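As written, the chains take the letters A, B, C and D, and residue 1 is the first residue of each chain.
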Amino acid sequence: MEAKRFKIRRNIWLTEKLYLLELEGSFNQTPIPGQFVHIKIEPFFLRRPFSIAGYKDNYLKILYRIAGRATDILAQKKEDELLGLIGPSGNGFPVNKKWENVYLAAGGTGIAPLLFLAETLKKKNCNITFFYGARTSDCIAFNILPYGVNYVFSTDDGSYGYKGLVGDILKRYIMENGVPDVIYSGGPYEMLRKIAEISKKYNLSAFVSLENRMACGVGICYGCVTKIKCKDGWEYKRVCKDGPVFNTEEVLWE
Amino acid sequence: MGIKPLEVKLGRLSLKTPIIMASGIFSYGEVNLNYIDYKKLGAITTKTMTFNPKKGNPQPRIWETPSGMINCIGLQNPGIKEFIKKKLYSINISGVKTIVSISGENIDEVKRITDLLVKQGVNAIELNLSCPNVNRENMMVSQSPDDTYSFVKAVRDIDGDITLIAKLSPNVTDITETALAAEKGGADVLNLINTVKAVAVDIEKKRIIEGGLSGPAIKPIGLRAVFDVYKKVQIPIIGTGGITTGQDALEYILLGASALGIGSGLFSNPYLIDKIYHYLIKFLKKNNIKKITNATGLLNEKKYKGAEKR
Amino acid sequence: MGIKPLEVKLGRLSLKTPIIMASGIFSYGEVNLNYIDYKKLGAITTKTMTFNPKKGNPQPRIWETPSGMINCIGLQNPGIKEFIKKKLYSINISGVKTIVSISGENIDEVKRITDLLVKQGVNAIELNLSCPNVNRENMMVSQSPDDTYSFVKAVRDIDGDITLIAKLSPNVTDITETALAAEKGGADVLNLINTVKAVAVDIEKKRIIEGGLSGPAIKPIGLRAVFDVYKKVQIPIIGTGGITTGQDALEYILLGASALGIGSGLFSNPYLIDKIYHYLIKFLKKNNIKKITNATGLLNEKKYKGAEKR
Amino acid sequence: MEAKRFKIRRNIWLTEKLYLLELEGSFNQTPIPGQFVHIKIEPFFLRRPFSIAGYKDNYLKILYRIAGRATDILAQKKEDELLGLIGPSGNGFPVNKKWENVYLAAGGTGIAPLLFLAETLKKKNCNITFFYGARTSDCIAFNILPYGVNYVFSTDDGSYGYKGLVGDILKRYIMENGVPDVIYSGGPYEMLRKIAEISKKYNLSAFVSLENRMACGVGICYGCVTKIKCKDGWEYKRVCKDGPVFNTEEVLWE
């Protein structure tokens, strides 16, 4: 875990309330997909967690949506301003050489860690099908999507791609095209729960990136916990340290 | 060796600096954060332990408020036995003392925990008499001077040698009463303050968050507790509440704190320990004060050179 | 005329909106601020009056703190007789009710003030039982349930018809006790909360500022007071403390406030009254609630449609 | 009293910690010299008071020094940003047709209201002598000083003009050149006290602009009071409403 200042290279509006933040700086420990950074946005007391959407030498990418007060201020930040980051935090998505046929399922800004993951998986020559659901066609940021990937789009209102929820589309797709070796997913809780149901039904490996309100972001306050199954039922585990990526099987879905 | 300007003594505990990680904000010290310079840290207080394991409260456990936060972790912990087995011996940071924070719903529980810890050779215990999140219906121990006295005395009676810190709640009519009770009960040190009882509303999800307020918002409340209590007690005080800068730390010291509890400020600023350390060193130099212990209470006692009369 | 959605009744006092200028932050209403839209204001509470004139405290009387401020004005006022002669009749803003805030060091003083005011036809009195700045050595009246009861009862006994508001301090172990005492003493309305006792340090000038904390920092403390007291009393509550947005106002209402005291937030945002007014109107429309009085306590009683269970 | 947003036209560094802030906007009520505005500088809870250093149609000038946290942030503000102002506040300097020979005595940023006053007095063809004291020559912002005025500079270290305090210089000047009809002054408390002593000694009219910490800035909180003489001794009067300009005779100097 490191605490460093990164410089804003670009902070650009993509579509609707979605922004792309490109930062200059690097961690000694190379981040892996699924990890996040905890950003100090003045004047707020608590930091805000954002998944790493891409990382190269001296370059870190964040994809974010204006969700409230801090992200609103983040969107007003200009080139060359400095941001205090803590990271890379959390466990990241597990990958396995044997998993060649991979489904990625993203809802909203849940796509952020999957963009980073897709880059990594592409290098391993995986066969990637990317399910991407958004509210309407206006919410889809086409220009940030990686090449060389098979896309299945969906929108709540059918304005682009299929009409319906990512989970339902994915399920239908499996019925028509068969199961993958693994599913990786990020998005709203309800969507992740659906992914968990599907993975259980088809006995698939599936990993989801959870989100919760955080204070420390590094595993020392127990503020961000979620229910994880254990031998005597369940226990609260930390999303920031034990996660944010969990096997869908471990999670006690509520 | 010469004088170590930031060294302080709390009871029988010698700390190389007065900077202490407050309970609940640093887990058990087992998470390795390489941005923290442990050479500048005096002690780590563990998350509060109870006798039996506690699952803790449901989400949300964290809520941001203006210049502060509310937490309702609910004392999640593995229970004292598991703690001793798995955590106690992993806390081992060179030169940094460990203070084990404990809490119990009754005297018996607190005694049993203390027994186990003393047997393990633990030499500093903080008695959290003020956690506002558990047993919501009941009063907190440190809301009653009598209870405060009996709880502290029970621990003291088990072992006269451990350094015993009593941590008090600010949610009282007069904190000097509970402070005096703790001193009478045998506490070596007071820790002021724990979080302030608070409620937040999640308008979006239509729910209420009950918990303890911490952060800069409560600094003026913590300072007042130290200001009032310092006049009345003989034992040293750890000043805790809203410390996020070196100046905050100094303010606590000038009003009467001998050491400083760093709480949620650490979440906001990972380099807070450094910042405080350097600020205090600079302050001593600039004011030609030899040891930080000489600065304790200067403003409270109106002994500070150049202090304005009012 | 149809329903007036924001109209509220506090005791016998009808206000056209639940928005009230809190005591001490609007003088006697005599300063003409043309950015304030008085049509949206329910009432003005005067600065607290004492029997004899008071010069008030020396400088500094104001200190900024994280998301808040400390004040130690010290109840500067011209005394009740001068007030009646010079100020009372100049407070005359069409449609805006006047609440006269009073305070006394003993029951006799409070009675004499009330006598004079009742004779002048004043019909709403707020009894400030919680000013933390005067008589520093002593306890505040509202730090004791017994004193709270006697003071309130003394005023009530003089006149059964005035609307009597009891304003309480948050600096107590359990505010529901003083709240119940005030209700029993005959208060028609409670005002929660007054400022929180606090201390600040002026590092530069080496001096201490003791006073009352207000502003956003204390909102979670005020909300908690309303949350706790609403469950226990039958009389309406004015929620005061850290209101700086329309949402803050709504949070107080949902937890149990019938009306809102606007304090130091007005210094920060001159258009706060408008902001709250429009936010509440919009909230009622959006949620299809006819009157703001129907929203009082919705979250506290868990009757709010769609409220999340925990 | 109005509450309005003004737009930043220029916010420029002058010298040392001194800045000039030029704002676009106007009040319905035309400000007079000695009045101030109360400015909201996020994220601070309380506003900050600043004297009006100049005013024309749709143009308001502030001269400020970085004194702490809020002024530090103010100095970082850029062109076109909006600032919330309350004003024009306070009483302003009294002027009298009979006063032709006028001394202005400024220390540090206390010069701000006197710049505005000098412009007004120049239009009335007053004979102005401007005493301006600063710490060192580096602290003097020459380019903001009005033309057609007789200057007497002084610095603490003698690096420019006389060496010494404004009060002492002024006193010596009076002994050599005679008394004016009136003295107007702004600056540190100790300096204003000295001006009061001089005006008493020579039986002169003298007006000073006082500063105190403020909360409301409009006369409703009684936070900013200062001791003013009255028939039965003294009473606390509001700097923001009854001042900030007081006759030196009225003030109970401490």
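Convention: a residue touches a chain if its C-beta (ideal position, glycine included) is under 8 Å from a C-beta of that chain, and two chains touch if they have at least 3 such contacts.
As the structure is a computational prediction, the values presented were derived from the model and not from experiment.
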| item | value |
| --- | --- |
| Length of the line joining the C-alpha centres of chain C and chain D, rounded to whole Å | 37 |
| Between chain D and chain B, distance of the C-alpha-averaged centres to the nearest whole Å | 47 |
| Gap in Å, rounded to a whole number, between the CA centres of chain D and chain A | 56 |
| Contacts with 2+ other chains: residues of chain C | 65, 67-68, 215-216 |
| Where chain A touches two or more other chains at once, by residue number | none |
| Category of the chain touch graph - line, ring, star, complete, other | ring |
| Which chain pairs touch, all of them | A-B, A-D, B-C, C-D |
| Chain B - residues contacting chain C, complex | 58, 65-68, 70, 139, 143, 171-174, 196-203, 205-208, 210, 213, 215-221, 223-224, 227, 242, 247, 250-251, 254-255, 299-300, 304, 306-308, 310 |
| Contact footprint of chain D on chain C as seen in their complex | 24-27, 31-35, 47, 55-56, 59-65, 67-69, 71, 73, 76, 215-216, 264, 266-271 |
| Partner chain D, residues of chain A touching it in the complex | 42-43 |
| Touching residues (chain side chain A, partner chain B) in the complex | 1-3, 40, 44-47, 86, 212-226, 235-236, 241 |
